[in-house]
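Each of the next two complexes has subunit A plus one other chain: subunit B in the first, subunit C in the second.
Moving on, here comes the complex of A and B:
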C-alpha cells in the first residue's frame, strides 16, 4: 500500500516539474475555465427569469449543483482525461507492453500516472461555489451533512472514474475511442442541472443507466441536508458495482490484448 | 472514411447536447418567455443539431498532429496550400455523416411527432448555403489558431479559447432570442451567432433577417481570409520541420 502512495508522489512531482515548462498553458486553461463557468451560470440564469424555479430548485441551490459539477470537471481535467485518453495511444503504439511488465498494478499505473495541475483552480473554485451557494440558500452545516456530502462526492467520483475507465479500456478492441469520450462528455454535461428538471424518461436514464444524478444532484442535496439516507446506501452499492465491473472489464480486456507493432 | 462507421456514428451522437437542452427548456416551460412554444423549440434544436453536424471543424487537431510528427513538411512541398487538404477531409466526413444525421432526425420525429416539418425548397437551399458559410467561418477561425502551431507546440490548447465563446454564444444551448438585449448586442458583434443560430433559424422556418445574416457571414469571411493568409505566411518563416 505504501508503495502505491510513494509511486503517486513520484508521478505527480515529475508531472509538476514538466508542466511548469508550459506556463502559458495554465493561463489558457484558467481563462477557458472562467469563461465556461460564467457562460453556464448565465445559461442557468435564463431558466430563472420571471420568478420561475428549475425542477423545484431555487437559484441558490441550483448554483450548488454548478459548484459540484465544476469540482468534478476539475478532477476530470486534472486526473481522468490526461491519464485515460492516453491508454488508446499505448494500445496503438504497442507501448502498453511496457506498462504490463511493470511490477505494479496496471490499472493503477494507467489511472494515476499523470496529473494536470491546470485542473487545480477549477477544483478549488468548484468547492468554494458549493459552500458559498449552500450558505446563500440558508443551509446550516452539521458534521453529519458534511460527512454525507463527502461520501456522496466519493460515490460520484468513483462512478465517473469507472465510466471513463470502461470507455478507455474498450480501446483494446476499438483502437480509436476519442469520439466515445466525446459522447460521454456531452451526456455528462447534463449534470449541470438538477435531475428533477428533466422529463421522466431522461430522469430514469440519468439515475439508473448513466447515473449522472449521483454525480451532481445527490451531492448537492447532501450539503443542503436534503439527501435521503436510502439514496446514499443505493449510491454506495451502485458505485461499488461500477468499480468492480471496471476492474473485471480491464482483466477481461487484457485477455484479448494482442500487442501491436512488436 | 467508410471504414470507421462506428466512429462517425459516435461523433454524430456526441452532438446530443442540443437535445438535452431542448428537454430542459420544454420541460420547464421557459420557451414562452422568449417567444417559442414547444414545437418551435423542438424544431430549433433539431436544426441546431443538424447545422452543427455539417459545420463542425477539427482542423487544429489534425494540423497540430501533422506538424508535430513532421508530416507537414511533404505537404508544404506540394503545389497546393496544405489547408485545402484539411478542407477536403472535412467535406468528405460531412458526406459520410449525412445518413446518421438523417437517422437521428427521424428518431427525433418519432419521439416528437407533433414537431414534424419539412422546410420549403428555398428555405432548404438558404439553410444549406448558410451552413456552408458557417463551416467556412469556423474553419477559418480554427485555421487562425492552427497557424499558431508555428510558434507554440500546443496550439490546440488555444482552441479552447474559441470553443468556450462558441458554446455559449452560437445558439447551441439556447436560441439567442432568449438573451437579455444587452448581452444579445455584444453577442451579435462576434462571429459565433452566425455559426449555429442563423442557419438553424432559417432551417426551422423561424422569422430571421436573411439579408443581414448573409451579409454578416460574408463580412466575417472577408475579414478572416486575409488574416489567415498573413498569419500563415508569417508562421511559415518560423517553421522548423519538427520531428522530420
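Moving on, here comes the complex of A and C:
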C-alpha cells in the first residue's frame, strides 16, 4: 500500500515537472483555466439575477449543485481526462507492454499516472461554492452530513470514473476509440442542474440508467442534509457495481490485447 | 531456468472479400481460420546463458519473446520462466524479468531520465538509497553521466537507449528480454550496448534473451542461437556449429608474385575468382591447413587471407532456402 502511495506521489510530481518544462504552454493553460473559471462564475451569476424556480430547489441550493458540478469538472480535468484519454495511445504505440510488465496494478497505473494541475483551481472553487451556498441556504453542517457528503461525492466520482474507464478500455479493440469523452462531458453537464428540474422521464433515466443524479444532485442533497439513507445505500451499491465491472472488463480486455498484439 | 515445451500460438483471423457483397458475406457467414504464428517449439535455457533469436521479419521471434515474458497467452504448450507461468504475471515473476524494446520507449519524454528512474524504483518498491546505489552502478557501467539530468527529448538515440536499459535494469532482474535493443544505433553506440550487456551478464549471471537484426550483436554476444523460420524452430545450438554446417568451406585469397594459370590451382580447391595475380579459392575446412601450407611452398606468395563468408549472408540464404536441417 505504501508503495502505491509513493508511486502516486512520484507520478504527480513528475507530471508537474513535465508541465512546467514548457513554460509558455503552462502559462497558456493557466490563462485558459482562468477563462473557464470566469465563464463558470458568469453562468453562476445568472442564477442570482432572476427569481425563477428550478424544480423544487431554491437558488442557494441550486448553487450547491453548481459547486458540486464545478468540483467534479475540475477533478475530470485534473485526473480523468489526462489519464483515460491516454490509454488509447498506450495501446496504439504498444507501450502498454511496459505497463503490463510492471509489478503494479495496470488499472491503477493507467488511472493515476498523470495529474493536470490546471484542474486544481476549479476543484478548490467548486468546494468553496458548495460550502458558501450551503451556508447561505441556512444549512447547519453536522459531522454526519459532512461524512455523507464526502461519501456521496465519492460515489459520484467512482461512477463517472468507471464509465469513462470502461469506454477507454474498449480502445483495446477499437484502437482509435470514438470520441466518447464528449458524450461523457455532456452527461456531466446535464448534472449542472437539479435532477428534479428535468421532466419525469429524464429524471427516471438520469437516476437509474445513466446515473447523472449521483454525480451532482445527491451530493448536494447530502450537504443540505436532505439525502435519504436508502438513496445513499443504493448509490454505494451502484458505484461498487460499476467499479467492479470496470475492473472485470479491463481484465477481459487485457486477455484480448495480449492475444491480439505481436 | 527457462523451459519452453511444445509451444504453439495461433491467431484467429477472418478474411473478407472486397466489395459490398464481400462485406455482407463477411457479416453473415464469417469464415475464420487459425494462422499459426508459432508451431510446436521446445527448448531449455539455463540461467546465465546469453541466447540469440534469429529469424526473418514475421518469423515469430517477437511473439515467442512476448509469450516468455507473459504478454501473450500461448494457444497450447507450456512456458516456465524461473519457476513461474509468465502469462499469470505474478508480482514475484515481474520482479525477476525485464523487457527492453528498441523501437518503444518507456522514459518520460519531457523529463530527464533520472525522474523516470525514481518512478520505476518506487514501482518496484526500491528505497531511495537502494535506487541511488543502483543508478550509480549502472550509470558507470553504461558510461552515462550528466545526460541523466537532461530531458530525454534532448538526448541522442544512443544515450536514450542506454538510459532505457538503465531504467529496465534498476530492479536487478535475473532474466532480460531484449527485442532489437540496438535498433537504429550507429556502430559505436551498438558496440557500447553490446559490451555493456556482455559485462552485465558476466557480473550478475543474468540470463539474456536477445533478438536483433544486426548479426554483429548476435556473434558478439550469443554463443547459442535459436533460429526460427515461419514459426518453427529449425536450429538450436552453437553459433559456430551453425556457421560450419551452413558453410563447410572457407575463402582463401592469395596474392601472387607472378601470374599463374588457373589449372595450377584446381587441385587445391574450387576456384572462385582468378584475375592476373589474384586468386580466390573455396577450401573445405578440414583441408584448410594442408592447402595453405602447400600453397605457401608451391608458389611465391605476397599475401594470403582466410575468411568466413559473412554469417548474416549465410543466414539470409538459409531463410531464402526455407527448411534446412
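Here is the rule we use: the second predicted complex is superposed on the first by the 226 of 262 C-alpha atoms of A that agree within 3 Å, B and C clash if a C-alpha of one lies under 4 Å from a C-alpha of the other, contacts with A are read in each partner's own complex, and residues count from 1 in each chain.
By definition in this document, a residue touches a chain if its C-beta (ideal position, glycine included) is under 8 Å from a C-beta of that chain, and two chains touch if they have at least 3 such contacts.
The structure presented is a predicted model; accordingly, all values stated were derived computationally and were not measured.
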item: When both partners are placed on the shared chain, which of subunit B and subunit C touches more of subunit A; value: B
item: Touched partner set for A:14, first subunit B, second subunit C, both or neither; value: second
item: Which of subunit B and subunit C A:28 touches, first, second, both or neither; value: first
item: Subunit B versus subunit C as contact partner of A:102, first or second or both or neither; value: second
item: Where subunit A meets both subunit C and subunit B, residue numbers; value: 22
item: Touching residues on subunit B, where the partner in the complex is subunit A; value: 4, 6-8, 10-11, 13-17, 20, 23-24, 27-30, 33, 152, 154, 157-158, 160-161, 163-165, 167-168, 173-174, 178-179, 183
item: Subunit B contact footprint on subunit A (complex, rising order); value: 22, 24-25, 28-29, 31-32, 35-36, 39-40, 42-43, 46-47, 49-50, 52, 54-55, 174, 176, 179-180, 182-183, 185-187, 189-190, 193, 197-199, 202
item: Subunit A residues within the subunit C interface of the complex; value: 3, 6-7, 9-11, 14, 17-18, 21-22, 93-95, 97-98, 100-104, 109, 255, 258-262
item: Residues of subunit C that touch subunit A when the two form their complex; value: 11, 37, 62-63, 66, 69-73, 87, 89, 91, 94-95, 97-99, 101, 104-106, 108, 110-111, 115-116, 118-120, 122-125, 151
